[in-house]
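Chain nomenclature is as follows: A, B, C and D, assigned in order of appearance, with residue numbering initiated at 1 for each chain independently.
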């Protein structure tokens, strides 16, 4: 039992995985259509955009930061892509520019956070406003259709697997690799644990911080292209506000908002979980306006449960200490 | 000030005093230069009518920003302010549409705000949850509530008296702004002149020290989120007088403007540093900026870029000045 | 065993360190040979940590000579010279695993492909060598304090294999953990690693060390081989005097009981009982981690505890900070910056914080702070605080003045029971003198005072009675006429190890 | 700055070139939000105003009712001669409009009707009921032969937008001709991403959907995406083709129809809307009486005739 508890607390993503599984089972009982291969595929495709961004956001939150400009980066990146596509017709140019620009905007976030030491929430709030303005400036708020062939990114299949799922898988694996196999990944977690200790240990804190925001930008750029392809064209304001769904996915996945601990698996499952809620409410034919309420309640429930289990653990440690003290005698 | 300065006397002390004021309110020179610049660009800028429209248009943001300032001063954040405005507007609108009573409508608006404030305050103050995630959750709930009740459509049937109040002015000051000013005065006095306000500031500057000094930290945190909720409720009601109807999404777009105004004024998100007066100035800068740029014909998307830069620079400047303070 | 044939690993001569003109460490000279354990002892504030920081390279000495393996250097470079320290405050990354923590500065494998298996192996080998069973994949936060300490030592040894500095390594350990640590130290000694062992526990010092260095007031007052020096002699060297020579008149306590605590227990201490009369000053001595702060915090209602508390003979049923304040208690915390002061707020607000209403004359009930500045100014004058202005940020004051501001805040509540936790920590001599006089004056005016202090001379000087705590228990008590610093130190510093025998 | 100067110079030149005897006329243009079709009308308004020699002050509310209110107030402050407005939502800017009325400034609503307003003097916009009806009628013609229950997906616009409401009304009226139809309605708030998710979920719940109506044809590519996902992408005339119709006239709709993916779209006449708006304003400024409601019906094009009518389709590129 103790061992079970230990793995459970060390692998926090198990909680959201179980919740997702439970929700999945419940949905399959309600609807026969749920547990089909095509529906599961469709759920994953729907989750791909937020899940990919959640991978990037996980890195940022692991360092104790946050990026609320992600939606605006998504908007700007898709605008740039569509604009270049229309003007030059060159895929390679549009892809390079869009992905490069997404990374660049992320880098700007990172640089500002590192250089001016204003808290990330405010820094990215300012850049959110700027990026959004820049995006509308770029397109004049026009809808710009993208060529149909681009739909391949949104609903094409490679080896029978939908491309968005494939891209999610690639981002997921790369994210796992970066976080778990490289020095960088360890540094990310270390900074989130204690930036001061990380500096005292001579870790390259500034570089790592900038890099996590670049990763945030990069994943947003990839997500932008998928969304653009699926929606079929640039729509003004696309992606604005998505960052809060992404943050919710990351937090539901068990990553601490204060940084230091969390997993990529959890964040991706968190994104899937949110899509499942939509899916379930859809199947129940619930009013679309109830979705927000349900998501809000789920989010609150998740943080409350997390808090309760944390406090139990802390109390357990204290009780052990009390026992130890009691057992030592008071007489010299 | 007191004895030490008096003893110094002379122009030196005066200079230091005014420099001190500049450090406390770094936004004043920005406002002054904005006003000078805009009035030279547009003849309409410095007119009574324009001033009135700036004042009326920003009362909702200003009232909500007062709540946000209090929350910031405790080192927290309230993301739900915006959608609680929407929810309370819709509830108030629905109540007024069916009863025709402004009093009942106002009570409903304040009640909804209070309800969400209590929920936030309880979860944050008594259960120890993180403000960001907690209020993100209640934000979603409030938005859902607003849309469920209204079915997404503006609630019509606002009593004429309330609409007329929307047009009421006293010495050129819109009625809604008068309410806002009253709330401003109460909150400034409350924050600077009562024991509660003092304890709030102390709590914000160090929550452990506050606890060790015997300040009831849970109550302070609860009260702050409660007030922020109530103010959001009032703002929701004001939005009806302002716009003529209760709109389910009325507050949703305001969140970033509210936070921007508070931060631009120089209230720190880390708590214990800042004031309502600074927020007035911060919200004022954004209001004047938007109005002036509109009059100049700058497209709104370019205004966004300017706003973003200003929020960043303004906040950085305020932080720098206050950290060097004496 | 020490290898005296070899050259000393480290040799320092006339080491001196001063901060802005004030000399903190002066004239320290000694040699450390491979396989030797050297105890660095002294009272709090004797200059041990400054010396330690110079030895592990965190500080550069103001003057003096250093030889590492016979070669002169100006400043020690920890990794390069194979010297590393385990500080009292652990610097581990809590949510990372043991292996990750140990290897973070020098990860095996390529940058982009860390060889975790190798890292685990390296960590495991090191832990095996130290003879400790810890899962290298477990997160540090899931380990107890003892194991964390071992991980920290293992990490230090991984990077520095010549000289290890251990700063109070046993304070947070249980008896078996301590035993394990000693076994580790023995193994290191056999491998030829030298250890500088900083400890308050005399029995540990005697059990483990070959040589000693005693510091007092920043000066080296003795060094040599331990076997030649009896324990009482060493303790005398540390303290500098045997009996309190008080220059302060602390008055005579009354026999009216002010506060009584009966079998108080909590997570951090067990079955603690004591009482203090009006006009009496009770000193609580003990080492860090003995549970002293926890006891007085429980008395003030900051922590939860079980047991009985009587104030002026009345049982307090609901212990809370507010209730205790109302009953006339005050508590001045040891953690001035973290839990006492409101750093970015002005002095006057810090002074009035505990009882704002006392500072203002309000025309309307509940409103306004008229007269606050004037009243606060009075306190400032009374407490002899040197500040540029009553509106200055408290952060900008010196430690002594900050302490006085905090004392002033609480004395303004006119308490009749005053709990002072480390009242002169990080305070200069002048301020210390002022504070001691204030404490005496308080007692003479009939206030019951409880002082928790790690500074024994201070307790000897200002207490009527001293009670001693060790690992959560009260283990002894001395009246003023029986004060004996050596006895007190040895009582406080006996470890569980000694008890077992 | 150069933009401002440029327009001032342009207006001055225009004013001197036309033999105008009246004072300069300034028109305030309050736009709710910038997106494709709105920009289309706005451009038409600008062109017409320039032709008339009017000065135009344009403000954009970025979808925020509060902002639009204050912007209209600032137009009143600037003493414009008439206000052309497309409201963020219905009923959200009533106060500001009443303010304009009190200041004696005529108000023309364009593109989005404000049926409950006490302040609007005239409205010009699409005939959304007839547009919805036309799109619905074509769908009915295609589905007529089918037996059994027919499930149809309707992608609604925004529930608070009169155009969305009216298009839905017209569409539903048309489908009443079929006795065995079941309409699944999903709100999209005009947002393609939401339309995408809604379509996806609708097809999960009812894999047998036979036809889709999009209140705006910019969402047709999203429908295409979903149909491709579930291997139901078939062109018009092919076996298993899902009937798709929409309203608007964007390039998305044009391309989809031209390629035979969509069956047909209703194209709004944006240019005429813009011109009419300015004409109404002129009449009101001159104190003439005008018709309160002026609707301009769109034209329905199928995949057969759409390419030949490219010139009249505002969105076609």
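To be clear about the criterion, contacts are C-beta pairs under 8 Å (C-beta built on N, C-alpha and C of every residue); 3 or more make two chains touch, one makes a residue touch a chain.
The model shown is predicted, which means the values in this text are computed figures rather than measured ones.
Colleague: Which chain pair is joined by more contacting C-beta pairs, A-D or A-B?
Modeller: A-B
Colleague: Just how far, in Å, is the C-alpha centre of chain B from the one of chain A?
Modeller: Result: the chain centres lie 30 Å from each other.
Colleague: Round to the nearest whole Å and give the separation of the Cα centres of chain C and chain D.
Modeller: Each chain's C-alpha centroid was found; their separation is 74 Å.
Colleague: Could you work out how far the Cα centre of chain B sits from that of chain D, in whole Å?
Modeller: A distance of 36 Å separates the two centres.
Colleague: Would you give the residues of chain A that are in contact with at least 2 other chains, written as numbers and ranges?
Modeller: Touching at least two other chains: 136, 141.
Colleague: Which chain B residues touch at least two other chains?
Modeller: In chain B, the residues touching two or more other chains are 151-152, 299-300.
Colleague: Hunt down the residues of chain C that sit against at least two other chains at once, touch-wise.
Modeller: There are none in chain C.
Colleague: Using the contact rule from the top, write out all pairs of chains that touch.
Modeller: Per the contact definition above, the touching pairs are A-B, A-C, A-D, B-C, B-D.
Colleague: Spell out the residues on chain A that touch chain B in their complex, using ranges where they run on.
Modeller: Listed in rising order, the residues are 112, 116, 118-119, 121-123, 125-137, 141, 244, 247-248, 251, 257-258, 287, 289-297, 299-300, 303-304, 307.
Colleague: In their shared complex, at which residues does chain D touch chain A?
Modeller: Residues 33-36, 39, 63, 186-187, 191-193, 196-197, 200-202, 204-205, 207, 218, 220-222, 224-226, 228-230, 250-252, 255, 259, 317.
Colleague: Spell out the residues on chain B that touch chain C in their complex, using ranges where they run on.
Modeller: 1-4, 189, 193-195, 198-199, 201-202, 205-206, 208-216, 272-273, 325-326
Colleague: Which residues of chain C touch chain A once you look at their complex with the stated criterion?
Modeller: Against chain A, chain C makes touches at 91-96, 100, 104-105, 107, 111-114, 116, 138-139, 142, 144, 174-175, 265-271, 291, 470-476, 491, 494, 496, 499.
Colleague: Mind pulling up the chain D residues that touch chain B in the complex?
Modeller: Result: residues 3-4, 7, 57-67, 69-71, 73-74, 76-79, 89-96, 98-99, 102, 116, 158-160, 187 of chain D touch chain B.
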